[in-house]
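Please read through the structure below; I'll follow up with questions.
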Amino acid sequence: MTFTRRNFLRAAAGGTAAAAACATLAPSPAQARDNKPIPEHAVGLLYDSTLCIGCKACMSACKEANNLPLEDNIGEKLWDTPLELSGYTYNVIKIYQNGTMEHKDKAVNGFAHIKRSCLHCGDPSCVSACPVSAMTKDPVTGVVGYNKDACIGCRYCVAACPFGVPQFQYDTPVPQIAKCQLCRHRMAEGKYAACAEHCPTGATIFGTYAALSAEIERRKAMTPGEPNLFPRRTPESGDTHERASAEYVDHVYGQKELGGTQMRYLSGVPFDKFALPVDLPERSYAANSETLQHTLYGGMVLPGVALAGLVAAAWRGSKDHDDDDGHNGGHNHG
Amino acid sequence: MYDDTEISREIANRFNIERRDFLKFCAAMAATMGLPKGAEAEIVQAITVKERPSVIWLHFQECTGCTESMLRAEHPTIEKLILEIISLDYHETLFAAAGHQVEAAREAAMKRNWGKYVLVVEGAIPVKDNGIYCKVGGKTALDLVKECAEGAAAVIAIGSCASWGGMPSTPPNPTGATGVPEILAPKPVVTIPGCPPNPYNFLSTVVHFLTFGALPAVDDKGRPKFAYSRLIHENCERRAHFDAGRFAMEFGDDGHRKGYCLYKLGCKGPETYANCPAILFNDAGSGSWPVGTGHPCIGCSEKHIGFEKPIHALADLQNQRPPVGYPRVVEDQGAGASIGAIATVAVVGGLAIGAGSKLVGNLGKGENGPDSSKQG
Amino acid sequence: MVNHPIPSEVARGLRKPKAGHAAIGGGLWSPFTLVLGALIAIAMFFLAQRFIHGLGAVTNINNGYPWGIWVVWDVVIATGFACGGYAMALVTYILNKGEYHHLVRPALTASLFGYSLGGLSVLIDLGRYWNFWHILWPGYAQPGSVMFEVAACISLYIVVLWIEFSPAFLEHLRQRNLKAKLNKVMFVFIGLGVLLPTMHQSSLGSLLVVFGYQIHPLWQTPLLPLLFLLTAVCMGFAIVILEATLAAVGFKRDIHEELPLLSKIGKIIMGILVAYLMIRIGDLVVRGAIFQVFSSGIKSVMFLVEMAAFAYPVAVLSSPANRRRLSKLLAAALSMLTGAVLYRIDAFLVAYDTGPGWHYFPSAPEIMVTIGVIALEVLAYIVFVRKFPILPGHSTTAAAE
């Protein structure tokens, strides 16, 4: 069987066209993987920026609960001063500033706080990316956990997370990934996220996804300026305080983004002001990536077929070229 | 429930003080120990009803500051109250007698109250050269403390010297000054470190023992938790200045006059456990403690800090808290191109491009030259 | 299109192969190899720093750019350069163009080292490298991850490459019987040796899909695997041209016998690049990203340079006369390789944006490690072609450098 150049090029073009067609049609309904749903008994956090006073008790509590060291970005080694989430900081309170900063929770001439920590996505990119199951999503609580004993330190999770959450420790020969795990190591003792436990205003509260959803609805229904009760620690703790409701932007961050997250945000300031990624699609990136992989490699069907063809072609070729291996070392051919 | 009028008569008789002052004392004791409401009633009961326990008070390598501090306790006039609440059966400073007489008195008291007396030790115990550097009545301190501890129901080490060696143990510690817990180990010893300690820490411990028949909860160093479980840094009235980064840099400078944080002058508050900022000293009102008067804490109650770490050396923080101040939503991170890196890339890239072009050029010349009419 | 006639001496060689492969001998020490040795030593020094103090002590990678040139060059680009064996196996054994066969071994050698060192580079870059075996161990391995598939395929492919290469060892050791036995089953490994790179070279592109919006629309597309695969195959062919030229010039060998084959390879490259450019630009149009070509700042500049590097070979190789000139073939191959390098650097680093405030440019020590790895590969290649029968054995002069 001979291939002329023409035929080869035709075949190549045809093949690539076919492949291209396949690839573009790949996320067809029959094969596309949908977003993983938020588990029924999922737990999570609600962070209300309008309640946050920037006291950073949550940062303190997180460092203590997770035994994390001081991080110094000022050079004095007197205070814990992370600029960002890092290999030693799982939770950071940042500030949005504009103009005179007179008005809290206003975008113009105002200021507001934002808590950055793991959002515990419903369909996490990090879990999909991790090649060694070091990042896992608990099937019951939905907490996205990290196991350093499985981790190879490839940092695919760091690169993949759309929110920039997992952090790698570059300053040690025995590094690990750092991120909030919702204090899952305390859950056996009946405790919950330390940040929620210590927040004095209830800006961060911990609870079941359903309970937090109800609380979100309650707050969205409030009239700005009207006095209302706000719970601390958990939605059902009974430990409440009264204050005037702020005006919320009409968006719950994390409700729909990339399939939804178990930590959601309410705010008086548009979320793009906090340097959070906005206009994220509802379909998770993990679903995109895994659909592509499944299309090409699902059940190893296509590779199996391809291998069969290739081996057959190689075998046929070896028979055609089969000649003496005797003198002078001969040729090397298949 | 007890009969109020009975109490007041008893008190008036026994202690020669007003009933109101007595009740105030019991309330103050209860408050110092952090006991819940109503505990003062139990204290009243204990003091008025129970038999006065015998106390043997030993002095070794000490300055007697702890005794002096105790004598300054004020609510109410303490020498009367304490000397009546307890039966002080041996105390070198306060006793009129001396010499063999007083030693005999001690031994008799110990024998009489064997297994029931409270042993209080003030001062460190030298252990070098078999303890010859401190001898009382011909016996070394080392022998004495062991002997007296044998029959004690409770052992309290008052002051840093007795707790862990204190000032006499300052390196190089030529006499081998050691604290009581180390000498008597594994016997449990309550320690009330400080130089001197606030007398109410000691008094509360004794009253607790008297009231409840047991010593208060202590930490791994034997220090009562009600007084020593928190860092000075956590209760200091100048903490806000620390968090905001306002420091006195020199004695008498502007910051010092404004009462700013003394951390940079060497305050050991961040690594010292004590309740000084909470209960202060000498009942003289607010600010009557070292930091309040403008001198950095020297960590007198902490081993390896007090009398070892230089007074103006900076303290190590035992935990960290974020300061006043926030990172912005966007902070510049990561290294851009350094001169060296750009140079390396430029050199390598230049070499690669140069070599490639040269090779292409040379080949081209070869092709155009000899065989210009190649057919291939 | 007219088939140009095969020169008689080549045709004769096809029908009745006389000389196979031969070690070219010659001394290992030369100014060039000494320079390579020095570069390797420098890299070793910095690698010691990396293992003692951590990645941050040597590299500039950070949590905004967790992957730097050790991933993008030493693994992604270097394995692309190492696709010579893949490309030659494809035409020689699958499409059965036997006339290419004596170009296979030298290509295979470059592939061998390229992939082996690529695998080594992974170990250098991994933060918790002592757990590396987890990626192939059931119980740890997570099949939904693109990286799992890449790692599994590359690991297996490295084994296949060594097996495919072993006849050269066996020849050197004069183990004819063993070699014959191996050759009888070699077709299985050849099949694998074409399947595996197809899988992982495309998946190196798929790695980026999960990054979502973090990859700029000029590069983010579901067609990433296809585009990476096309450029990888093309890189394989371009490397063959480059390697043949360098071997001829470096070891002072005659290129004339190979030139017609290289011409054909040039045509293949042109064809693939035409397909690639059509798909690449078509994809931008379909996704509406074409409007960002000129409005994306530095990304626009890099995009245009990248496309130019791909377009130039098409222009050069479209003329048959050019395809007969080694200088033009080489220029086209170099440009193609530049384009492919830029494509990978752009897709992984230039197009990657995790949020404002983050910067990355490799540090000088980081670059020196990459250069050291390249130097090691070149040195290993030189050692191997001097000692083992790899290059087509028709050269009469043992090269001295």
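Here the chain labels run A, B and C in written order, and each chain numbers its own residues starting at 1.
The rule is short, and it goes like this: contacts are C-beta pairs under 8 Å (C-beta built on N, C-alpha and C of every residue); 3 or more make two chains touch, one makes a residue touch a chain.
Just so it is clear, the structure is predicted and the values come from calculations on it, not from any experiment.
**Student:** Looking at every pair of chains, which has the largest contact count?
**Tutor:** Chains joined by the most C-beta contact pairs: A-C.
**Student:** So, comparing C-alpha centroids, which chain is the farthest one from chain B?
**Tutor:** So the chain farthest away from chain B turns out to be C.
**Student:** Could you work out how far the Cα centre of chain B sits from that of chain C, in whole Å?
**Tutor:** So the centre of chain B lies 66 Å away from the centre of chain C.
**Student:** Centroid of chain A to centroid of chain C, CA atoms only: how many Å?
**Tutor:** 33
**Student:** Give, as an integer number of Å, the spacing between the C-alpha centres of chain B and chain A.
**Tutor:** One centre to the other, that is 45 Å.
**Student:** Return the residues of chain B touching two or more other chains; collapse runs of consecutive numbers into ranges.
**Tutor:** If we look for residues of chain B contacting two or more partner chains, we find 330-331, 333.
**Student:** What are the residues of chain C that contact at least two other chains?
**Tutor:** In chain C, 62-64, 355-357 touch at least two other chains.
**Student:** Which positions in chain A are in touch with at least two other chains?
**Tutor:** 84, 275
**Student:** Report the residues of chain C in contact with chain B in the complex, numbered from low to high.
**Tutor:** Of all residues in chain C, those touching chain B are 4, 60, 62-65, 245, 249, 259-260, 263, 324-328, 330-331, 334, 355-364, 366-368, 371.
**Student:** In the complex, go through chain B and note every residue touching chain C.
**Tutor:** Those residues of chain B that touch chain C are 330-338, 340-345, 348, 356, 359-364, 366-367, 374-376.
**Student:** Show me the residue ranges of chain B that touch chain A in the complex, using the header's touch definition.
**Tutor:** Within the complex, chain B contacts chain A at residues 242-243, 245, 263, 317, 319-323, 325-331, 333.
**Student:** Can you name the residues of chain C that touch chain A in the complex?
**Tutor:** Chain C reaches chain A through residues 1, 3, 17-22, 51-57, 59, 61-64, 66-67, 92-98, 101-102, 104-105, 125-129, 131-132, 134-135, 140-142, 144-149, 151, 167-168, 171, 176, 179-180, 183, 186-188, 190-192, 194-195, 198-199, 202-203, 206-207, 209-214, 222-223, 225-226, 230, 264, 267-268, 271-272, 275, 279, 286, 352, 354-357, 389, 393.
**Student:** Within their complex, state which residues of chain A touch chain C.
**Tutor:** Touch list, chain A to chain C: 1-6, 8-9, 12-13, 16, 19-20, 23-24, 26-27, 84-87, 125, 128-133, 148-156, 158-160, 162, 164, 167-176, 258, 275, 277, 280-281, 285-286, 288-290, 292-293, 296-297, 303, 306-307, 310-318, 320-321, 323, 325, 328-334.
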